[in-house]
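Taking it in order: structure first as structure tokens, then the write-up.
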Amino acid sequence: MTTTVEPVRPEVAPESVAARRLMDRIFKARELAVIAVLVVMLGATQLSNSEFLSQQGIRDLMLNATILVLVAIGQAMVVITRNVDLSVGSVLGISAFAAGLHLKDGGHPIIAVLLAVGVGALFGVVNGALVSLGKVPALVVTLGTLYIVRGIDSIWVGSRQITASALPDGFVDFGSDGIGVVPYLALLTLAALVVVAYYLRNYRSGRDMYALGSNPEAARLAGVPVRARVMTAYVVCGALAGLAGALYLARFGNVDSNTGNGYELVVVSAVVVGGVAFTGGSGTVYGAALGAVLLTSINGVLPALGVSSVWVTAINGFLLLLAIAVDRVLALRVAGALRKKAAQSRSARHA
Amino acid sequence: MPDPTVKSPVLSRLGGAVRWDTSVGVLLVVLLICSFSFVENFGNALNVSFLIGNTLPIALIALPMAMLVVSGEVDLSVASTAGLSSAVMGALWNAGMAIETIIPLCVLLGVVCGLVNGLLVTRLGLPSLAVTIGTLGAYRGIAQIVLGSDSVTDFPVQYLDFGAGRFGDTFLPYAVVPFVILLAIAVVVLHATRFGRSLFAVGASEEAARFAGVRVKRLKLAMFVSTGVISALTGVFWTLHYASARYDNATGLELSVIAAVLLGGIDFDGGKGTLGGAIAGVFLLGTMQNVMSLLNVSAQSQTVATGVLLVISVLAPRIGRRISQARARGRTAAPPLTAPST
Amino acid sequence: GGTTKDDASKDNGSAAVGKADPDAETKKGLTVAFLPKQVNNPYFTTADKGGEKALDELGSTYKEVGTSSGTDTAGQVSYVNTLTQQQVDAMAVSAQDPGALCTALKQAMRNGVSVVTYDSDTNKDCRQVFVSPASAEDLGRTQVELLAKQIGGKGEIAILSAAQTATNQNTWIDVMKEELKKPAYKDIKLVKTAYGDDDAQKSFQQTQGLLQEYPNLKGIISPTTVGIKAAAQYLSGSKYKGKVKLTGLGTPNDMRAYVKNGTVQEFELWEPAKLGALAAHVAVALESGQITGKEGETFNAGDLGTMTIGADGVVSPGEPTVFDKANIDEYDF
Amino acid sequence: MTHPEPETTPVLALEGVSKSFGAVRALRDVSLRLYAGEAHALAGENGAGKSTLIKSLAGVHRPDTGTVLLDGEPVDFHSPADARDAGIAVIYQEPTLFPDLSVAENIFIGRQPRRSLGRVNHRTVKTAAAELFARLGVALDPDRPARGLSIADQQLVEIAKALSLDARVLIMDEPTAALTGSEVARLFGVVETLREQGSAVLFISHRLEEIFELCQRVTTLRDGAWIASEPLSDLDEDGLVRRMVGRDLEELYPKQQTRIGEVALSVRRLTREGVFTDVSFDVRRGEILGLAGLVGAGRSEVARAVFGVDRFDGGEVEVLGRKLSPGAPSLAMAAGLALVPEDRRAQGLVMDMSIERNIGLTGFAATSRAGLMNRRAERSRAVDWATRLQVKYARLADVVGTLSGGNQQKVVLAKWLATAPQVLIVDEPTRGIDVGTKAEVHRLLSSLAADGVAVLMISSDLPEILGMADRVLVMHEGRLTAEIPRAEATEESVMAAATGRTDRGRKAA
């Protein structure tokens, strides 16, 4: 049903337009802040170690980020609908193995990638069905499927593993080659990112996801097909985790029953650092992707700076705290601006 | 068709019939009875004492965790706090300090860890899930810095005995005594004091609680600090029980605790649940694992079983409710449609 | 449990202090449980398979239990307890932590279970015999030798280890450091030891970091199968392939691709199956009363020949095997 | 029934509908017919089943028995979306907005205008929203997020959402409860136009004069049962009340003469940046001080700051001569202050907790010793106050969210009156309360004042302010603009001050 409202003169009060621009800027600043931190961090590292941003170094940075970024995109989508998918690590592991097994038996790389995506999407369907049909807390359900998928994976895989020698050369090369300094994997990830972001911003069903996360009860009353949307989010998340599994295989040339273990907390961290609120309804996948890049870059920066690996865990933790604290302070600024603005528009209203 | 009735009313109406925490308790009892009668080697005192001893760390942390989740927050850094406490204990012992001094220091450490979490959550208003994922890394990292790759094992024998020993030939480990005391305190605090009442209110609606004069921040801070303290004590217990202080002690314990607490019917959104249910959940998982090991079920299958149980724990009550609703609707729909009276 | 468990546990009630009788008859029908650091780990699976085969030949029963994580010490303890409960005759344990298993293992020995450790040891009073993969001295020395040969005896090198707490890694690294002090290696400089926690991704990034931090790095020793594999994968996809040498401990199956594409020249490993087989023989010998774990006691270890227990109750199946392009296809594990 | 009805087929009708929630029979064999071009009122006490009826029409609830007829054909709405697609627009009693989305998106969610490739046309969404607000005379920025909107603004957005549907049937459940006169007038203007264009309208309000102003016919419910459907021209207000409550109504504003005593609450130069500025006033024992103003004038904010829920940037608050520290509701309570907040769902009640626990939440001082709860004391306190305020409930252990809107409001009142406050601040105390109970609440406030309690009453219901207050303060744009004694307070004088024409009122101190 389309609306019959004719377009009219945009007669929004001028000061509210100005205020909106201000808000826009502050909002973008949240993502800009992550970029700034990233740039400063990489720059400082380069200063102290000139090898860091060599061609090889840049490629490594991008390659390191791709897998986490992919999973974070899907996770962000789920979190925006006020759900969460803790099973991504397990799903990544099992789809990587599925792809590897196919390749080992002489399968075609493209089929293998599709297979991984399919396996991921399948578990996405399971998660989505459990969460939306049963209307049960996503955290508990996906904690359950985290265990279940991990268990199935290790029963199925056993002590087998897929190593680089079992994979076609082209596939393994695909994992590290690229156009210039930009690896193929990064291009693929970027494409996925842009598509998902554009979808969420510009399609009704994408907007529905924000609505759903913002107020589920209202979404139902507004006729949003809640189940379908939740299901979509989970399937996309699963499929991206599956794709990430295939890329993992290409990148690391190795899968066993432990692949992807403990990945869920890293992904959740990335999404949170990227400013996607756990209460749903806000944040963007670009933010989540930036969060993922920031986290993986830290892991690249510390060894390059020669920081002993003893310190890495602690520094990672503190940086995560710093990132969310900075984000929070910015958000408080926005709230302040809103308050001032409310006062202004009130003057306008009763003038 | 989707049942559009608002969720809460029905929940309360049928609440008496299918309370999940009671079901978990019943399930635990049934499992225990079956295991005692049918599982070889389960029933002897030694095995039961193993079972209790291995489950105690999870049970200990589950006490404050359940209350924290009731208040609408969560602490994922518990295992790292325990690890840090263990590492500090080892480092101080290596430095020649007396264990009677070390334990209070570890408690203090727990206070600090809890304060950091609590202050970040209450003062800066950050989401606890994010904060404690951060401190999960930070505390574990500090533990690694403090103790490095050392593994300290030479604690005094009487303390190690306390950690691992049991009363004579009974099935009761010594450490059960402090646990039972803590459990009693926690039950009273959560279910019979104004503090507990306020926790439920805060978890169900923080804003409404604040409007009713509940000191939300103070309450949450107190809960984070208690969680820190108990986690640190668990670290001490862990060290003595396994006679080994390492920085990576208790790694991953947070997920086990949360799984058990959720299984026991504590609602992750806050405001609902009972401690009895949480502890039943802890021991249900512990017993299941023990029994499955005795029956030679592989670790992988145990993982699957844990997951299935978790999923069932949230699905079962809802499906049960759905069925009884359908039945109720069937009853009311039975009389023939009456003609409009106008 | 087997039918003989009751009498077995009775007459071995004090196995640790009893007297060895080298001529005692080898018992059959025993149950020996293997408790690796991690189940589903290909290395341990191969080792345990070796144990299974040996037990088959000896007429005893094999079983394997264990945690699916390599750092779940509590899980390992509860498995020891369970095995004690099930009254197996002997257990072969690869310890995740030297101290943490002690109480449980001692309890097992008190209950008449013979305890052998393999691959990774516990404190020595908590087991009867330790089956060491190869002597730490041998391993440390040979890895340094291999790398020195490849880099022409000079330049900067680094070590990529597993977890910081990994006991045997640390022992080997200590030996390597001692070894490097020898005049023959005076031009080689060990610049750093990095830890990849036996996690493919972490090891991968640690390798990247090493190369960025030390652009002049000539070689890397990774005495862990996960680490060497990850490092090899990174090198083979980077500009350092063939230029930065890599050696250490790896399995032929893992490393085949990299040896063939020129990333890696030589690396080494003992045969894990032999390790498991030896552990099985030790366990049966202990249960049969042929040995008690004292230095100098000898027993027959089937295909491995007659073995003698060394100082501290350690026994080892011999020197590691070096793999290269020429011989790698002869092995499958 | 003998009253004439239009001969045409009703656009939307309910025939013999019943609906139960467990033991509660919310609707019993109710029928209702809506005709094109007619505004139909639904009247009844709190908990009579009005909202339930609307939800049954809108596909939120599924009736247990009976049918919904659209153009004479039975329909089976499986979800609110079905009803919407059939041309039924609903404004629910409680606003249901998406706080994270912009106001414009809130209006068009799920049916945004699109451009090529099915993409949402963000620009049209915005201009269309601006157009709707212009029609309603509301100055809301379509781009601002819905988070932080006052209840009134939220209600306006809901109204805009319903209007944007250009529906054949417009159903409104108490849309005006939080609005002041001018907004109501604008709304009625728009609804009138729609009706003339042939829409059917179903309207619920506890303000009877609104019913008479807007509607032609009325259906009355009592305890879930259908009482009558008749033209409003046959009825006067008393007659309608008699239909609703089954008896005559007592005085709606039973103002007692009281002895005005010492100053109990004293607010000095209170300022919260961007919200209100330099607010000073005193409330004395035995006095009811009315605080009037337009929506968004900042009255609620002052109340919240005084009670300590919000911090303030400057000024001070004294209760019975003791200075309150800012930002501490618990201390304010200890000093004898109570605040009945305006948003009962978010602020007044913990919706998932039982009635008993909700009332108990403010009473720990009385019901616990050394921190330990005394269950019996807790229970008897709850029973006592629930009965005194005539809360309609099945069991005290029932979740408060299952009560009807007006009964929820009574629980909020009960919860705060039970603390026996010295100073009582009530923010929209009768929002959504039926006339009968309203009189009850007014009598209660009046007798509290007579007992020496100082009452500060914020209300958007001007007759209520005029009927109850000893003195009226008026706020405009975050400042006090007038203080008017009871004798001089009239609709004109208060509205003049509220809209900023301060020359008519006396300047506040």
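Per-chain residue numbering starts at 1, and chain names A, B, C and D are given in the order in which the chains are listed.
Definition applied: a contact is a pair of C-beta atoms (placed from the backbone, for glycine too) under 8 Å apart; a residue touches a chain by one contact, two chains touch by 3 or more.
Just so we're clear, the structure is a prediction, and the values are computed from it rather than from any experiment.
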Between A-C and A-D, the pair joined by more C-beta contacts: A-D
Centroid spacing, where centroids are CA-atom means, of chain B and chain D in whole angstrom: 42
Euclidean distance of C-alpha centroids - chain C vs chain D, Å: 74
Chain A: positions in contact with at least two other chains: 154, 217, 220, 310
Shared-contact residues (touching 2 or more other chains) in chain C: 39-40, 68-69, 164
Contacts with 2+ other chains: residues of chain B: 2, 4, 6, 144, 148, 252, 298-300, 303
All chain pairs that touch each other: A-B, A-C, A-D, B-C, B-D
Residue numbers on chain D that touch chain B, as the complex places them: 1, 15-16, 18, 20-22, 29, 31, 33, 59-62, 64-67, 78-80, 226, 229, 307, 309, 328-330, 332-333, 339, 341, 346-354, 357, 360-362, 364, 368, 371-373, 397-399, 401-402, 415
Touch list for chain B against partner chain D, complex: 1-2, 4-6, 8-13, 188, 192-195, 197-198, 200-201, 204-205, 207-215, 271-272, 328-329, 332-333, 335, 337-342
Chain A contact footprint on chain D (complex, rising order): 60, 79-82, 84-85, 90, 92, 96-101, 105, 108-114, 118-120, 122, 124, 126-128, 130-132, 134, 139-144, 148, 164, 166, 273-275, 294, 296, 476-478, 499-500
Residues of chain C that touch chain B when the two form their complex: 39-40, 63, 65-69, 71-75, 77-79, 81-82, 84-87, 97-100, 102-103, 123, 163-167, 170
Contact set on chain A toward chain B in their complex: 130, 134-137, 139-141, 143-152, 154-155, 217, 220, 227, 262, 265, 268-269, 272, 277-279, 310-318, 320-321, 324-325, 328-329, 332
